[in-house]
Amino acid sequence: MKQEIALLVVFLLVFLYDTFLGKGAQKGLPAFTAILMFVITLLGLCPHCCGVGGEQTAFAGMYATSPVIAAIKNILNVGVVIVLIQSIKWTNSENMSMRRGEFYELLLVTLFGMYLMISSRHFLLFFIGLESASLPLAAMVALDKNRYESHEAAVKYILTAVFSSAIFMMGLSFVYGLTGSFYFQNIYFAVSSNMSILLVLAIAFVIAGIGFKLSLVPFHLWTADVYQGAPTSVTSYLSVISKGATAFAFLVVMTQVFGAVYSRVWEWMLYALIILTITVGNLFAIRQRNMKRFLAFSSISQAGYIMLGVIAFNAMGLAALMYYVLVYIFSNLAAFGVIGAIENATGKVSMDDYRGLSKTNPKLSFCMMLAMFSLAGIPPFAGFFSKFFIFTGAINQGSVAIYVLVLIALINTIISLYYYLLVVKAMYISEDEPVVATFKSAASERLGLWITVAGIICLGIASCVYTYLLDTTAVSAMQAYFIG
Amino acid sequence: MFSNILIYFVIIPLLMLGGVGLSRNIRQIRAVAVIGSVALMALSTVLLLQYLDLRHAGETAPMLFTDSWTWFAPLNINLAVGVDGISIAMLILSSIIVFAGSFASWKVPQPKGFFLWLLLLSTGVFGFFISVDLFTMFMFYEVALIPMYLLIGVWGSGRKNYAAMKLTLMLMGGSAFLMLGLIGIYYHSAPEGGQLTWNILEIAARDSIPHGWQSFLFPMTFVGFGVLGAMFPFHTWSPDGHACAPTAVSMLHAGVLMKLGGYGCFRVAIYLMPYAAQELSYIFLILTGISVVYGAFCACVKTDLKYINAYSSVSHCGLVLFAILMLNSTAMTGAIMQMLSHGLMTALFFALIGMIYGRTHTREITQMGGMMQILPFLSVCYVIAGMASLGLPGLSGFVAEMTIFVGSFKAGMADYLSGEGSLRLVFTIIACCSIVITAVYILRVVGKLLFGPVYDKHHLELTDATWWERTSTITLILCVAAIGCFPNFFNNLINTTFTPEIFAVLGK
Amino acid sequence: MDSLGSIIMYFIVALSMIIFSVMAVTTRKILRAATYLLFTLFAAAVVYFMLDYEFLGAVQIAVYAGGIVVLFVFAILLTSHPGDNAPRLTSHSRTIGVIGAIAMLLVTGYALITRAAFFLPKPEMEAPDMQTVGATLLGSGHAQYLLPFEAVSVLLLACIIGGVVVARKR
Amino acid sequence: MAITIPILILAIPLFMFFFLGLFGMKMSHKLAGTLGTLGMGSVLVLSYFTAFQYFFSGLDIFVNEAGDRLQYLVFDQTWLQFTEKLVIKLGFLLDPISAMMLVVITTISFMVHLYSMGYMRDHHGVFEHGFQRFYAFLSLFSFSMLGLVVAPNIFQMYIFWELVGASSYLLIGFYYKKPSAVSASKKAFIVTRFADLGFLIGILTLSWYTGTFNFTELTSVPVEGLAGVTQVNIGTAESIRNIFATSAAPTFMGASVLTWALVLIFMGGMGKSAMMPLHIWLPDAMEGPTPVSALIHAATMVVAGVYLVARLFPLYLMEDSAMIIITVVGALTAFYAAMVACVQVDIKRVLAFSTISQIAFMMVSLGVARPEYHEGLGYMASMFHLFTHAMFKALLFLGAGALIHAIGSNDYTAMHGLRKSMPITHITFLIGCLAIAGIIPFSGFFSKDEILSSCGQYDILVYLWMSLVAGLTAFYMFRLYYLIFWWKEHVTPEGHHAPHDQPWTMTLPLVILAAISCVAGFIPFGNLVTWNGEPYDFMAHFDWSVASISLLVAICGIALATVMYRKENELPAKMRRALPALWTWCYHRFYWDELYQFITHKIIFGLISKPLAWFDRHIIDGTMDSFATLTNKASEAIKPLQSGQIQMYVFYYLIGALLLGGITILCLI
Amino acid sequence: MEITAVYYLIPALIMFCCGVYGFITRKNMIAMLVSLELMLNAVDINFVVFNRFLFPEQMEGMFFALFAIAIAAAETALAIAIIINIFRAAKNIDVRSLNEMKF
């Protein structure tokens, strides 16, 4: 609860700042928010906050927290801090002067929604969290008023999101109809005795509803359009934070609610989804020229990899998922940082505009290259470790089918490597005249990039992060669900 | 951690990386490269001497200088190092080629980036050879692969985009299989309970991977490494890749990186999964046997020097894998010798080709001729390299090939007489044929390129090798000759690794 | 055994629900669609009343009928000219729509009717009084909803902010 | 026996190779030549000393009480250890044939070194380009050849076998600017390489069964009490045969494995010794400088095959079929080469075919040798012929070199009537011709006579056949002789030097070799070289009937040649018209080259390499590329999914969800 | 005749399917939103019906429906705001005009 309260306090302070401080002080709002988030991130990281032992509940079991949950929230916080730092330049632009405060408020509310999603042990709370995490995002997507794409993306997002939540609720209603409760624990014990066609359908709808936010194929079709249309900062937020939180929540739902029918029902659904997600995401990504759209498809396929942590159905998978999310946050934010910097300076987002970038902006290209390598899973960058661990976690599940699945995933990494290398190729190998002239990016952007690059390089080599996550998950309450 | 000599094989390249990163001009970069590579050579020599000392003192452990530092404790991933004769041979080879490569890229454009990537590549290579932990091994393996993309893409020539992409994707495709294999090995390293491990020595000592799983994991790892070892039909990256790569990169890639494949096949696939190695070796014997003659035949009709050499590498590296699959100590020793030998001479070849190309701006043998009159030094070196390649006694190729043939023949006859089929024998004889085909294409090139009248009058103005080029080539030639003249030293160094215990594990 | 009156009531409600919803999605006049929606929502409210959830029925009428539909009407008036007819549907889009709807209907309907528990008679239940509803809404015990209540308030606040920021001209 | 001298015998040429190779360019031509010659001279002295010691010192390590010659292993150093048993050692084995070969090689080599000082420069005394390199290569060759003959094990032999191949390659291709020389050198190397493939497999087979490479372990027994001393013993060979016969698979495709091994090893010998059908490289090898032809392609390297068979002679004795193969190959080659030699125009070609034919004589002689016939006379005869042939053939080549140097052409049509202008050359050449024709008392008579007599003891058919070849030999040699030295002299064009005898460096070797050819026949060879070391007094068994018949045949041949070629006349042309097919086939060497050309270009290149390369680029690589193309195609094919219309998005969403549930339901039911 | 749960579930489902049909076919964004409301409403009925017929002891289903109504109101408001935004930019609210971004 501490983290939620802290977040609400931040929200309140930002709201007050935005509302009551004069026009002159408004430019300080982004930094103010970033610093506040940074502070609560630090607070969250202190051992006292993380807690120890198993799951503690509040509100009669509706809300739960545990070191694992604290950890994933911390991971999200770190990501949000980076997003906030990277967005300073954009929110301080003339264009955003009227909507600066709202951006932060909405962002904090969605983060709050994600917290709820992660911590809820009751479907109503979960649903509210899910909606809080997605509805305000629609408004955020629409923030760039000068671009038609932004509006278009917002409409596409909100309409499909509501449709998806209708399907999700349909699934929930069936679950309720079968088990008579929204409490995860009650459902968990009731599902195996209520095995029926309806349950399968319910699970499919629930997966579809959450899969929408995760952009699993075939529930992903909004992703590319929305990522492309949204302002870059929002896209980066959408692609890492929202996705990471949902992935964890998805895992929680699948294990703590439907864990009892893992091998009977949803293991196979996930197999299909993962293969589809990774493959289709990759296939689309190959052809993209717009960097944001490109990263959208890349993030779709990354979501497939993240799902390997769910299908693993064990503590290693859970830890690997969290670690993957963390690394993914850093890698993707590095990429978006570069894209944002270039977009802010020149307004160019096409991959063709990146040709010869290494000659004019070597440092930016270097960051971009590291990000691409990390996303592709090239050692010694963090992405390699996260991929390796998520595969290791998945294979720990032990069946032969999982080997096949991992093999397919691995073969897909080659395709993904191909398109990540396309970016590197454009920047380093292309011999055309550079399109983007040399420019100096803002201090905030540089700071953001420094952080992400440091993360890309250190997160893997410094074993303490993953070790901590694995140690924590190994003793978590989730373990009982995996075994039982 | 720093008391172990092996770790310096990674630290020195990393320091060099830092040094190059901080350098301000090309002289400083060169200084860093030369000092560092000399240090690496010295280090490998010291290691060799210490190793021999310890062996003389009666150390019988399979690997010496072993050490292990915990990295990811819950997964039992350690930074585990250790060397035996094979790894030492490979380390020496790598350091020599890094040295020669530094000189061969004396005048490279954009030297800073070039050396950064080159050194990252070498870091991976050295790390790979000192690792005995599957995870770190794999990590270093991939570290060594990816710089190739940029090195070829940025500093290459010809269809470099295509070649770089193809090379990277195919090698990474191999490593996809490999990764699955390695993870599989990890999960079956302790079937009777107990701590799972990535440590090669422990897994080998337990010999515990269930046979059914071996039959699945062995092909995964063998193909995974085999792609890098240019095994038919996964060799096609090699001609394009080599053809487009800059000189030093070709040297390092053919000289060292392809050895990672052979080394890995032995160290992981065969060493850890002896049962499957025996059961399934016939499939790969056929493939590698085909590689040997196939590469040679293809080389016969190519006209681009680098293509010829790349196909020749396919043939020679095929021989390495072929010999490893014979599963006896002589052939395996031969395989390692062949790795050394091929590494050195192919590096020499690529260095020379690069130097010739740098002067004539063509690699088509149909557009050159009479180089002996124009570039006598380079031409003589080329002849020597050719002679080494076709197995002239006194140069390294001969001893390696002979050891392989003797060993494979032994294995083949043993199989044949015990009624296990004549596959090994037949393929041994087929592989032997490669010595003739090799002679054909080597002499064809030598005849067309070096001898005969001068083809292009403009070439008459070319100048012979500069001092750094001479340093590079002479170093390699000396090494080739050293192996060729004193093979027993290397033989003993390598042979000590193939102790009877290994073959007890291998079931023979 | 239900009383005849309630059976008749049921059929009226069910039929109007179905008919109005079909009409809402097939009519070519957008304002009519909103009106049919209103009727459907009323029918749903009647269902709630029939099932003894008067509070919910009231909320349905107040929020949906009173709030949302009005919102719709305003929006429609803002964005379309009176008398505009929606263009005729192309057969392609109609096919797609029918396929989607029928597939949904078949799969889900089949799943529903195979569940025997759904054919059990309605158990007796006392209609919840306002006291209970209030306590449940604002309690923090088991099956009580203080936390969701607070959470949804944050969500509503965010939606207000979002709506404002989106709708604001500059 | 001190170890120093044998080591020096090998080390000096090797050192000279490196010295001249690395620093030769820095010194003057003359100095380099002189150094090379001096080096070879010192080796000559050391070798003579060694051979003398071996044959005549009577030390107990060289000869036992019964007078049998022994084998003495001077040193044996491990070079490469394959397994416990299979070890390649580098050593120095002294026995009758290696001692003899030391003498032959160093003699010829020294002569050639000396001769080249004169030959390798033009009429103005200007040295040829690469003169130093030439001497370096000569040294390398001498080193390799010496290493070959003293090899105590078959693998060392193989090693030096390859080295002589390589040095031969370098020397044939000495004029590397000449495309014909380059292709000739390539051809020589590849053909012999192909033969070596058989050799290698033979070695592998033999060593696998016997577990050793050592000749001494294959053919000899150790002499008690003396380290490193062994005696050739048929019993050892028999036990080797037993090993093969008792192994799990004693036969392979009908022949015993030992036969296979021996035949494969013989294949190596066929390659080096230019036996049919692997002879095609030798005539082309004449592209090299003539001294090289004299040294390598007449006297030393080409007899390596004979030497190899002689080395393993006790083993060959075990398998009659292998011996028959040797005999047949030898006999056919001898006749074939003699026929071809009769019509060639290029004098070096004639000599080359003559060499092939003579080596075939040696082979036949080995093939027919049996202990039961005159205690293996054929073996001794073969070695004897090797020795005498080396001398007179080197003489002939050097003489031809002198002619070529004087005339500037290889073609006899450019020569004619040189007997007056080049008297020394004429006389020495004539001696060579008489020797090869087998006229008493020149050396060739004795050795050839013994070969024929051992053939006669073996089989009358072989005897007749070989006698016929002997007659042909006399005929073509004298044809050559007459065509060069008789007929009408050409008129020297203005501004050219008239042909004349060459400087002393060239004539001295001629004279020395001619002298040797005159007297070598009287060496009591049977006392020195026999197959098992037992002395054999062949004069005691001298068969005058055989000798007179062979002499008669030779004289007939000479007479025919005299009739046809003494003066320019119509007879040759008539004969040519009478037997046009035979002439054409002989002139085109029975189209062997064309056959090989066909096999290599059309079959190996055209039908294997090119299709394979195409297959690689288009099928294998195409498959790999098609993965990429397919991926791109697939990417293109699923493009409509992302249509930009949310209604379609939602439709897919819904269908996806329903399928997800529906399929699972179906699976569960 | 007994009015059981299915008697309510099936009309609700039909209503939901109508919503699906409308969402897929209507070109006017507000009409699509109307369809969405139908779907949400159908789900609400589901909750209530399940609650009443199967688990009448507690009011979980009813409360879910209650919150769902609130959320539906919020999202409708937001959606309408965004649609109006589009209307300002594109001067129509035809969903087919949302085709700037595809493939």
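For reference, chains read A, B, C, D and E in written order, and residue numbers begin at 1 within each chain.
Just so it is clear, a residue touches a chain if its C-beta (ideal position, glycine included) is under 8 Å from a C-beta of that chain, and two chains touch if they have at least 3 such contacts.
None of these values were measured; they are calculated from a predicted model.
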{"item": "Neighbouring chains shared between chain A and chain E, ordered by label", "value": "C, D"}
{"item": "Any chain in contact with chain A as well as chain B", "value": "D"}
{"item": "Interface with more contacting C-beta pairs, comparing B-D to A-C", "value": "B-D"}
{"item": "Most centrally placed chain - per-chain CA mean versus overall CA mean", "value": "B"}
{"item": "Remotest chain, chain B as reference, centres from CA atoms", "value": "C"}
{"item": "Centroid comparison with chain E (C-alpha atoms), farthest chain", "value": "D"}
{"item": "Chain centre separation (chain B, chain C; CA means) in Å", "value": "70"}
{"item": "Interchain centroid distance [CA atoms averaged], chain C/chain E, Å", "value": "6"}
{"item": "Whole-Å separation of chain centres (CA-atom averages), chain A against chain D", "value": "77"}
{"item": "Gap in Å, rounded to a whole number, between the CA centres of chain E and chain D", "value": "96"}
{"item": "Junction residues of chain E - those touching two or more other chains", "value": "5, 16, 19-20, 23-25, 32-33, 51, 54, 60, 63, 67, 71, 74-75, 78, 81-83, 85, 95, 98, 100-103"}
{"item": "Junction residues of chain A - those touching two or more other chains", "value": "124, 128, 131, 135, 138-139, 142, 154-156, 159, 163, 170, 174, 177, 197, 200-201, 224-225, 287, 418"}
{"item": "Junction residues of chain C - those touching two or more other chains", "value": "93, 96-97, 100, 104, 107-108, 111-112, 118, 143, 145, 148, 152, 155, 159, 162-164, 166"}
{"item": "All touching chain pairs, where touch follows the definition stated at the start", "value": "A-B, A-C, A-D, A-E, B-D, C-D, C-E, D-E"}
{"item": "Residue ranges of chain E touching chain C (in the complex, touch as defined)", "value": "1-22, 24-28, 30-31, 33-35, 37-38, 41, 44-45, 48-49, 51-54, 56, 58-60, 62-63, 65-67, 69-78, 80-85, 87-88, 92-93"}
{"item": "In the complex with chain E, residue positions of chain A that touch it", "value": "123-124, 127-128, 131, 135, 138-139, 142, 148-149, 151-156, 158-159, 161-163, 165-166, 169-170, 172-174, 176-177, 180-182, 224-225, 228-229, 287, 293"}
{"item": "Chain D residues within the chain C interface of the complex", "value": "647-648, 650-651, 654-655, 658, 661-662, 665"}
{"item": "Residues of chain A that touch chain D when the two form their complex", "value": "155-156, 159-160, 163-164, 167, 197, 200-201, 203-205, 207-208, 212, 217-219, 221-222, 224-225, 264-266, 268-269, 272-273, 280, 283-284, 286-287, 415, 418"}
{"item": "Residues on chain C engaged by chain E in the complex (per definition of touch)", "value": "1-2, 6-7, 10, 14, 17-18, 21-22, 24-26, 30, 33-34, 37, 40-41, 44, 47-48, 51-53, 55-56, 59-60, 63-64, 67-68, 71-72, 75-76, 78-80, 86-87, 89, 93-94, 96-98, 100-102, 104-105, 108-109, 112-113, 117-125, 128, 132-133, 136-137, 143, 145, 148, 152, 155-156, 159-160, 162-164, 166-167, 169"}
